[in-house]
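Listed next: structures, encoded as C-alpha cells.
Both complexes below contain chain A, partnered by chain B and then by chain C.
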Partner chain A sequence: MPILDELKAAIAKRLPELDVVIGWGKGFDALHHTPVFITSEADLDKLELGPLSVQNLATYLTRYPKTKKIGVVVKGCDSRSVVQLLQEKLINRENVVVFGFPCEGVVDLEKVKRALEGQGMEIARVSEATFQGERCTLTTGGKAGSLPMADLWADKCNRCQYHDAVMSDEFVGQRLDRKAEDAYADVAAFEAKPLAERQAFWQEQMSRCIRCYACRNACPLCVCRDQCIAQTREPNWVSQRTGVEEKFMFQMIHASHLAGRCTECGECERACPVGIPILLLKRKNNKEVLELFDYRAGIDPEAKPPLLAFKVEEEKINERGW
Partner chain B sequence: MSKELRIIGFLCNWCSYGGADTAGVGRFTQPTDLRIVRLPCSGRIDPLFVLKTLTGGADGVLVSGCHPRDCHYSEGNFYARRRLEMVKRFLPVIGIDPGRFEYTWVSASEGQRWQTVVRGFTEQIHALGPIQRFGKDAAATAAQLAASHA
Partner chain C sequence: MMSAKYLAQGDLSAWLGALAQGRRVLVPVRENGAVVFRPYGPGVAPVLSRQADSPPKESVFPSTERLMEFSYSKDPENLGKVALDIKETVNAPATVVFGGRPCDARGFTVFDRVYDTKAIRDPYYAERRASTLFVTLACDAPETTCFCNSVGSSPVDADGSDVLLTPVEGGWLVEAVSERGKALLDAPALKDAPASAQEQAKAAQEAAVAAMPPAWDAAPAAAKLIEKFDDMGFWDNVSAKCISCGACTYLCPTCYCFTVTDERSGMKGERIRTWDTCMSFQFTLEASGHNPRPTKAYRLKNRVGHKFSYYPDIHKGPIACCGCGRCIKLCPVSVDIREIVRLAMELPTATAGKP
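Entry: the complex of A and B
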C-alpha cells in the first residue's frame, strides 16, 4: 500500500478520538504543500505527503489549549520538536497523537528556483511537479525539465540523522534506519573567517531584515507569542528604530532563547522572506551544547534540557581559565 | 594604561559587590574603566545583558558572582555558569572576540582577588582595543571588505 494511503488509514482509525489532525495538503501551486486541518473523514482526501511537505506542523500544537486532542503528522526532524515540547511540558502527552513516517527528505525551493533559472525556466510558472526516485520532473509552459534530486534536498536533509520519527504513536511505512554525519562543518567553516568579516557578514545580511518575525512565528519552540520580549515596551529590549543593531538583537534573542532547545528543523530560516541564514546562529549554539553537555534537543522526552539544569562540578566548563 | 575603555561589570549583591567594596576599603588601587551594575544574584544575569551590552558599544563585559557552593540563593550561580559559558562560546559566531567577556567568582572577603580580576580583565580589554560597534558604519565596513576581496 502506498505510504499516503497507509497514513490516511492510520488517521481514519484515530480520528474519532481527536478534535483535529494536522497534516499537509495541496498548496497554491504545484510546488507547495500547505498545512491542512482534518476534522472529518471527508477531509482525508486533502492529504498529501512527499518532498514538498516542508512545514513543521509541530508549530501548531501550542496554539491550541492543552485540553484539545490533536493529531499531528511529523517528519523525523519535526518529531524532535514534539519531543522537546513534551520535555518542557508545553503539551500534554495524553492529548497528542503523533503520526510518523520514514522521511526521505524535503526540497529546498530556493535550490529549485536557482536550478530552474540555470535552465532558463521560471519557478513561478511550474504547473506540474513529480518526484520519482533520483529525479524531479517539472513542467513549465508545456515544456518538461528534469532535475537531479541530489541538488534539491534541503541542507538539513543531507545531514539528517533522524529520518524516522524519534517518537510516534502511529508509524506508517518501513523505517529507513539511515543516518548521515553532522560534524557542524558549516559552523566551523564560518568561524574560520576573520572576526571582522563575520561581523560584517551579519551586518550585511541583517540589513535586509524587515522585522516581520516570520522566523519566530514558524519556530515550534518560540512559544511566548504575544509575550515575546521583542515586542514588549517595558523592558524595551528592541526599539522601534530600524537599525541593523535592532534587527540583529532579535536574532540574538531567538538564538539565546533556543539554546539547548532548538531541534534544527530549519523553519526559521525557511520562513525568512529575504533569505537570511539564521539557522547558522542556532547551529552554533547546538554545537556548543553538544560539546559541553553531550546533548541534542528533542530526543528523549524524559531528559532535562541542559540550560534548565546544572551539575555542581561541571566536567567541561573551566570558569577560571582566563 | 592608554585611554579609558568602557567595561561593564555585572556583580552579584552578596559576594562580588562586597568583594569590590572590600577592595575599596582596603585601598587596593584599580584601573577605572569598569562601571558596576549590581544585581541580586549572578543567576539574574540574562545572557542577553551581555550580548546587548557588547553590541551596544561596551568594549568588555565582566560578570562576577559568589563561588560555586557559596551562592546566597544556593543554586543561582550554578545555572548562571551554564548560561554564561554558552554566551561566551556564542560570541565568535557573531564576530566578537570571546575575550571581551569573562565571568568569575569573587567572595566578599576577597578584596585582593577583586583587584587581581579587575586589573587582569582591564589589561585584556586594552590589549583587544576598542570594539567595532555593531551596526555602526555598516556600509563602510561592507565596502571595505568588498574592496579587500576585489
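Entry: the complex of A and C
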C-alpha cells in the first residue's frame, strides 16, 4: 500500500478520539504543500506527503488549549520538536497522537530557485513538478526542466540522523534506518573566519531583515510569542526601531532562548522571506551544547535539557579542577 | 502616452548613472537569494527578470521614520522646572525607484487616499511621495501567485508610476506616464523609439495581459466579508494555518499601518513611527489590556476585511490590494488570500454579521 494511503488509514483509525489532525495538503502551486486540518473522514482526501511537506507542524501544538486532543503528522526532525515540547511539559502526552513515517527528506525551495535560475527558468512560474527517484522534473512557461534531487535536498536532510520519527504513536511505512554524520562543519568553517568578517556578514544579512518575526513564529520551541521580550514595552529591552542593532539583538535573544532546546528543524531559516541564514546561529549554540553537555535536544522524552537543569557539578565541565 | 523613447540593454547602466546624479536611485538587487531594493551605484547589477521579494515600500514609507527629536533641559535656577525642546524632522530625499513592477508603484495609490487628502495631509509621507518617482517595468510573465487582474489592475498598469518600461527586442520601450516622468526621459542614453519598438511594446503588453490567469471579480467580496463579520467559525477555519507572523503585511505594497513610540535615553530621545502589523498581538491592544482582536482569527479577518471590504467601502471602490501575491508566495505556511476571499464569497454564512 502506498505510504500516503497507509497514513490516511492510520489517521482514519484515530480520528474519532481526536479534535483535529494536522497534516499537509496541496498548496497554491505545484511546488508548495500547506498545512491542512483534518476534522472528518472527508478531509482525508486533502492529505499529501512527500518532499514538499516542508513545514514543521509541531509548531501548531502549543497554539491549541492543552485540553484539545490533537493528531500531528511528523517527519523525523519534526518528531524531535514534539519530544522537546514533552520534555518541557508544554504539551500533554495523553492529548497528542503522533503520526510518524520514514522521511526521505524535503526539498529546499531556495535550492530549486537557484538551480532553475541557472537554467533561465523562474521558480515562481512553475506549473508542474514531479519528484521521482533521483530527478525532479519541472515545467515552467511551457519549458521542461530536470534537476537532480541530490542538489535539492535541504541541508538538514543531508546531515539527518533521524529520518524515522524518534517517537510516534502510529508509524506508517518501512523504517529507513539511515543515518548521516553531522560534524558541524558549516559552523566550524564560519568560526574560522576573522571576527570582523563574521560581524560584517551578519550586519549585511540583518540589514535585509524586515522584523516580521516569521523565524520566531515558525519555530515550534519559540513559545513566548505574544509575550516575547523583543516586542514588550514593559520592560523595553529592544527598541521599536528597525536598525541592524535591534535586529541582531533579537536574533541573539532568539538563539539564546533556543540553546539546548533547538532541534534544528530549520523552520526559522526556511520561513525567512528574505533568505537570512539564521539557522547557523542556532547550530553554533547546539555545537557548544553538544560539546559541553553531550546533549542533543528532542531525542529522549525522559531526559532533562541541560539548561533547564541545575547540577552542582556538570559531568563534562570541570568546575573546580583548574 | 506622452512620449516614447528606446533604451538599449547596453545603455541601462548609463541611464541609471544619469538618474543617480543628485538623487538616490533604488534598484532590485540580489542578496543571498532574495531580491531587495538597494541604492544604485557603480557595479550594482539590477535584477529585472523577476519581482523583488521585498516591495519598494521603504522608499516612501520607511520601516522606521523619525518624526521628531526632543530633549529636556532643567532650569538651573529652578530644578523643578523642565523645558522641552522639540525639533520636527522630515527626511525626503529625491529618489527614483527603478525596476519595480506595476503592483509595486500602484501600492502607493492606496496610501495616497489615506495620507494625502484634502482633510488630512501627513507631511512625512506626502513629502517623500512628492520627491519619489517610479520607473516601472511592465511584467511579461505572471508568477503563480499573481492576481493583479482580479483587483482592478494589470501587468501593464501605469497607475502610480511616472515612467513605464516595456520589454522589446534588445531593450525597452520607455514611456513617460506622468508629467514628472517626462523629465527623466531627457537623457543621452535614451534614443527616439522607432515605430517597430512601439509596435513590439504594444504586442508585448497585450501578451502580458493575456498571459494572466483568468480574472475573478473581487468587488463582490466587500459585502460578503461584512456579512461574515460575526461568522467566527469561518475565520477560525481560514486562519487555522496562520502562524501570526507579520511577513504578509510587511511585504505588502499596500499595508500602511504604523505605530508611534518615544525612544528616550536620559534627557533626550526621538519619536519614531514604525510599521505595524495587524497580525501582531499588540495591534489595537488597548491600554486597559483589552484587545478587540484577541486571536489570530480576528486579526486575519482584519487584514482581509480591510483590503477587500472596509477600504473599498470608505474610498468608494478601490480595493486595497494590488495583487502582487507576495503575501502568498512568501508566507511560511502558504496562507492564500485569494482562497480566503473566494471562500468568503462562495460559502454560506453561518452567523450573519451586522450590516
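Heads up, the rule we're going with is that the second predicted complex is superposed on the first by the 314 of 322 C-alpha atoms of A that agree within 3 Å, B and C clash if a C-alpha of one lies under 4 Å from a C-alpha of the other, contacts with A are read in each partner's own complex, and residues count from 1 in each chain.
Basically, a residue touches a chain if its C-beta (ideal position, glycine included) is under 8 Å from a C-beta of that chain, and two chains touch if they have at least 3 such contacts.
The model shown is predicted, which means the values in this text are computed figures rather than measured ones.
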item: Partner chain(s) touched by A:Glu197 [first = chain B, second = chain C, both, neither]; value: first
item: Touching partner for A:Ile210 - first (chain B), second (chain C), both, neither; value: second
item: Which of chain B and chain C A:Gly243 touches, first, second, both or neither; value: both
item: Contacts of A:Val289 with chain B and chain C, given as first, second, both or neither; value: first
item: Chain B versus chain C as contact partner of A:Ser146, first or second or both or neither; value: neither
item: First (chain B), second (chain C), both or neither touched by A:Val312; value: first
item: Touching both chain C and chain B, counted on chain A across the two superposed complexes; value: 204, 243
item: Chain C residues within the chain A interface of the complex; value: 31-34, 36, 49-51, 53-54, 63-64, 141-145, 237, 240-241, 243-247, 249-251, 259, 261, 263, 272, 274-275, 277, 280-282, 326, 328-330, 332-336, 338-339
item: Residues of chain A defined as touching chain C within the complex; value: 27-30, 32-37, 55, 59-60, 110, 113-114, 122, 124-127, 141, 204-205, 208, 210-214, 216-218, 225-226, 231, 233, 239-243, 267, 270-271, 273-277
item: Interfacial residue positions of chain A with respect to chain B in the complex; value: 187, 190-191, 195-204, 207, 237, 243-245, 248-249, 252-253, 255-256, 259-260, 280-281, 284-285, 288-289, 292-293, 306-307, 309-312, 314, 317, 319-320, 322
item: Residues of chain B defined as touching chain A within the complex; value: 47-48, 51-52, 55-56, 68-69, 75, 78-79, 81-87, 89-90, 92-97, 99, 102-105, 120, 124, 132, 134-135, 138, 141-142, 145
